[in-house]
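The structures considered in this document are given below.
In the two complexes below, subunit A is the common chain; its partner is subunit B in one and subunit C in the other.
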Partner chain A sequence: MHVELVIQLIINGLLLGGVFALAALGLNVIFGVTRIVNLAHGQIVILTALTCAVIFQRFGITPIEALPGALIGGAILGTLIERLLLRRLPEHAQSREWTSLLITFGVSYFLVGLSLAIFSGDFRSVAYLTDSWHVGGIDFPKAQLLAFILAILIAGFLGILLRSTKVGRALRAASQNLDGARTCGIDIGRMRTLSFALGCGIAAASGALLSMVYAYNPDTGSQFTLISFSVVVLGGLGSYAGAIVGAGLLGLAVSFVGFYGNTHFGSMMPYIVFILVLLFRPTGILGKPATT
Partner chain B sequence: MKPLRASKGIAFLLSTAILASFIGASSRTAGAADPIVIGTTVSQSGAYADVGKYALEGYQLYINQVNAKGGWLGRQLQLKVYDDASDPATSVTEYQKLVQQDHVNLIVGPYSSAITAAVANIADQYKMPMISPEVASVAPFKRNLKYIFQGTATSDRYVYGAIQIAKQYGYKKIALTGEDTAFPRSIAQAVPDLAKAAGLDVVFSELYPHNASDYTAIVQKIKQSNPDVVLAISYFPDSVGIIRALKQANVTPKELFFTIGPAEPNFAKEVGADSQGVLFASNWSAELKTEGNAAFAKAFKAAFGVESDYHSAQNYAAMQVLGAAIASVKSLDNEKIRDFMATHEVETVCGTYHVDASGMQTGYDSLTDQWQSGKQLVVYPSKWAQAKLITPYSWAK
Partner chain C sequence: MNLRILGFAALAVLLLASAMVPLSGNGYILSLVYISLLFTGLAYGWNIISGYAGYLSFGQITFFGIGAYVVAIGTTRFHAEWWLCALIGGAFCAALAVPMGYLMLRLQGPFFALGMLGLAQSLRIATDTIPFTGGAEGIYLPPGSNAVHVYYWTLGVLVLAIVLTAWIDRSAFGLRLRALREDERAAGTLGVDTTSSKVQAFVLSAIIPALLGGGYAWYLTYVEPSSIYSTEIELQTVAMAILGGMGTLWGPLVGGILMSQVSESLSTRFPQTHLMIFGALIVILLIALPRGIVPAISERLNRKKTAAKARPQEAVT
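== the complex of A and B ==
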């Protein structure tokens, strides 16, 4: 019985980690290339989740079926944010963290207002894949398991894209050395747009999957930004494998501390770990020192 | 040519409308009395935005109805609302603004126990009576305040039905959880005594923080305690989180009760089949045979296109009490209105309004409802029951 319980807590922790990782990946992509922390990240997750809930209830389209649409919609939104707002900054300000922080902060409030206007303050959720597979006395919640698998797939896909393709290498070059990349003929503007499209697309895809896990209204977005940010810092900003490992650790911490301690301490874990990492290992678990 | 004509038409309509509004404005300033302005804050954004909307609609419906019949004391009513963003400190500032800058004639309570607890003292400070329809917590009434009145059933009544049902069916073990904020906490504190009086054991008890991101840990603990009854004092998102986690962990309580979340009309839509058999507290039902209730339920549906929930009904009832006070004292004298509210009984859609010396509600009762095939039906007390209780809870079968 006790062994079973511990295994269950590990599974719960890892699957929760999968949810955290999925939410965090989009944030990480954008940071990795542009050094911009997209504070509107959580709102994009929620906007998509709300949309998925509505189309599920109206038309019976499941979030899984809506996934490609979410990805594309998010990518378009990301492109617009980069082209219409961040691009307008003078180039020397584009890479400064605080100017872009203020803009994405503004966008986040715009998106909250927009979501409230479209969807009202009502909480929504998608009642699909809400049960578990029970294998040998252990429960595997379906929606969380799916989120976990997708998080790993997306991270793997990103790793391959960035390491082994020409576009990916150009993206990485742009993040490491602006002038050097430009000298090599890389279109920096396009790379920035691409990273925003990719990051927001992934954020939206995660919103589609998380729509089955949580209940949310337009105001819950900032929670996702916070959790995602902790995951990304823990794993190392810009490191995809790190984000997955970091998210897994956070999930385990929340699960075990929540069970053997109490839920209050469990909920504090992401932030406690966040501060500890900043103090003792500021580059994160698998992160390399940031290059500028 | 056609588009031009259309735009000319629009321009004509617009200018007429503007002209009409001028005439309206000038006639107001010239002769007829100024409107009676009633100030309040409601959570239109933030964590309570969903319920805040229902609360506001209750106020609005009453005011529209009274205005259509000529208002109070021959004056139209106007609701001055600020969005408190679900934040007590914001609400405090806004009530001060309502009284000091906007010079409202009357004030009524905001949404939620936590926010009312923060603004209760303002009523006393400015000597303006505040009937507060959304404060089930009894804490603000232990401060010796004279101007705050409770317009809802007290918090311990919310769980009374759930515990009586458990007793009736011979259930023994209760697992108690809920959100660690003012209102759920005040209910949770009432549970052990109520359970003991009914011969039940509270085998597990732990609250979780507001905006918790994970319920699997607490549900694992509930599972270990192997309860007959799961009693969660929860709002909407946590009710959904807990119900999902219970199902995923294969926890099978015979009775599943959430205080507040499932009272929202869209609960079954968001939760699907798992809503079947869920019990919850409600302070009002369209079926209550209280004075004017059927007409209220019908008017609400006509005005907003959805069924009223208990929040809207409570806010409507609060306005009924204020209306009765003004009809009785025939003025806007806040001192006289206070005395009326403190001493009189008023028949409302929620039942007979009556408060004790501390301003705490003693007249209203709380009902226990159950989701049955996508409908919210009263199952306790039997006096008001619309349907027989379904038991045990759906996945425990």
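== the complex of A and C ==
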């Protein structure tokens, strides 16, 4: 094994991990406020990535330029999903969980079907900024680096939003204690819609970034639901630091197995990591007990 | 009570009619009814773990796939009879479901649902890669496939599934499952051995798809990962159980009959948008008829019955 190769793989893995972290953040925001695991999450990521690929091909609009549009489009889609489909879920915890899982499951396959009808089943990727910077014998692929930096920027921006704005504090209050937040006069219904808008917007943004660094077809969506969910679980629900560590680890796993095994096993990695995490480390690596 | 007898009588007529179908010698009708039987059977299998025990699984296709591949490999490499291989596949999945159940059923809600989905997907990718299972090219089964044999096999498995569900619906075991669906911790406190109950339910809902998958492989005469570990089959199964009513004896049957007809006409008219329509259908059903057709009807009938009982008393007072 060459040391340089290993370093290269580590860098690629970590850069990919940044985008995973962003995707997972979207899922986490939604889960925090609504207690709904949005099974259509990965499909929103992939639908955006596919759209970016086609727009780039046809009109030469780069994914970076498309990023604001993706964010807004995702937010609109999220608002629609929450308002039209999830508004009248039963409040009873058990049936709420059931129904929301089944509905988002249905939505996810609706989106798979839609993507298949529009984009066909071909694998796509955006060939933009394909060269790299060489620093001391190590390649920093430009697209990956840019995607990573933008992902961290968006995540940081979201952090500021959640921490220091009134709306952000209301969102966090709703995710910590629903009844308490309601008592304080926070409109829970609005917070739920907002969390969906925010979560799906972030999913779409990570899809736009991902479009440059990954190959995908409509079927890849469930992979991203699971990747995002594993990252959230790895981090422990609600722990953002843990989520970033988790995303880094998952990125490393995909990059190493993809290189030393083969690409098939590379794409199997998210599932395997996911199941292992659930079975052996359901409280996350940084060890906050998961509360459900 | 009378309603139940009526239901079983209707079922008997229906099963007898389907047993006659191969006599007509019409291949097209045979294949239509075969697909309905297949999906209804799958819906019954799914209904045990997800409907009665309340563990939503999006990965029961795993067992369907293993069953199909056991038949494909058994008939090509070991030149065994297909039905023998299908039985072995069923037994293998039952055995596999025990340790798998102990591991996976510790997970709850979305964790279990996604865990099973992940399992099915990784198995599909593994089947795609490993040469033993024929990789992405798949396996051509030896000649000698007979649609009528598979048809009766599937009908038999469906009857088995219905009998099993009828037993669960009435037995203490079924009560235990429903108790843990409503509140697992409370059920445990009341002395229900929740772990072994749900593992048993998991095993039962693994055997049925495995047996059906074995027949399906022999019917298709060709297996390949994406058509066997098919998300469309999974999706359609779930949609049928929801339409009819999860956790009920008649739900999968009603859902199966209605939906396979819809599905057939959809897939011939709009083959491209099959997934899309089924996804949308699940969502619409859950919003419009969240508990399914069967509970909605039986509730209405019960209301009428209690109303009829209540009326004479009202007259007295």
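By our rule, the second predicted complex is superposed on the first by the 238 of 292 C-alpha atoms of A that agree within 3 Å, B and C clash if a C-alpha of one lies under 4 Å from a C-alpha of the other, contacts with A are read in each partner's own complex, and residues count from 1 in each chain.
We adopt the following convention: contacts are C-beta pairs under 8 Å (C-beta built on N, C-alpha and C of every residue); 3 or more make two chains touch, one makes a residue touch a chain.
Computed from a prediction, not measured in an experiment: that's the story for all the values here.
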Partner chain(s) touched by A:Ala127 [first = subunit B, second = subunit C, both, neither]: first
Partner chain in contact with A:Ile152 - subunit B first, subunit C second, else both or neither: neither
First, second, both or neither for A:Leu85, with subunit B first and subunit C second: second
Subunit B versus subunit C as contact partner of A:Ser255, first or second or both or neither: first
First (subunit B), second (subunit C), both or neither touched by A:Leu116: both
Touching partner for A:Ile64 - first (subunit B), second (subunit C), both, neither: neither
Partner chain(s) touched by A:Ile138 [first = subunit B, second = subunit C, both, neither]: neither
First, second, both or neither for A:Ile103, with subunit B first and subunit C second: second
Which superposed partner A:Val167 touches (first subunit B, second subunit C, both, neither): neither
Intersection of subunit A interface sets (partners subunit B, subunit C): 112, 116, 219, 223, 262, 264, 267, 270
List of subunit C residues in touch with subunit A within their complex: 54, 56, 58, 103, 106-111, 113-115, 117-119, 121-122, 125-126, 128-129, 182-183, 231, 235, 238-239, 242, 272-283, 286-287, 290
Sites on subunit A touched by subunit C in the complex: 37, 39, 85, 88, 90, 94, 97-99, 101-103, 105-114, 116-117, 219, 222-223, 225-226, 229, 233, 262, 264-265, 267-268, 270-272, 274-275, 278-279, 282, 292
Interfacial residue positions of subunit B with respect to subunit A in the complex: 44-47, 49-50, 52-53, 86, 180, 206-209, 211-214, 216-218, 220-221, 224, 236-237, 239-241, 244, 247-250, 264, 266, 269-274
Subunit B-facing residues of subunit A, complex: 5, 8-9, 12, 16, 53, 57, 112, 116, 120-128, 130-132, 134, 139, 141, 144, 213-220, 223, 227, 254-259, 262-264, 266-267, 270
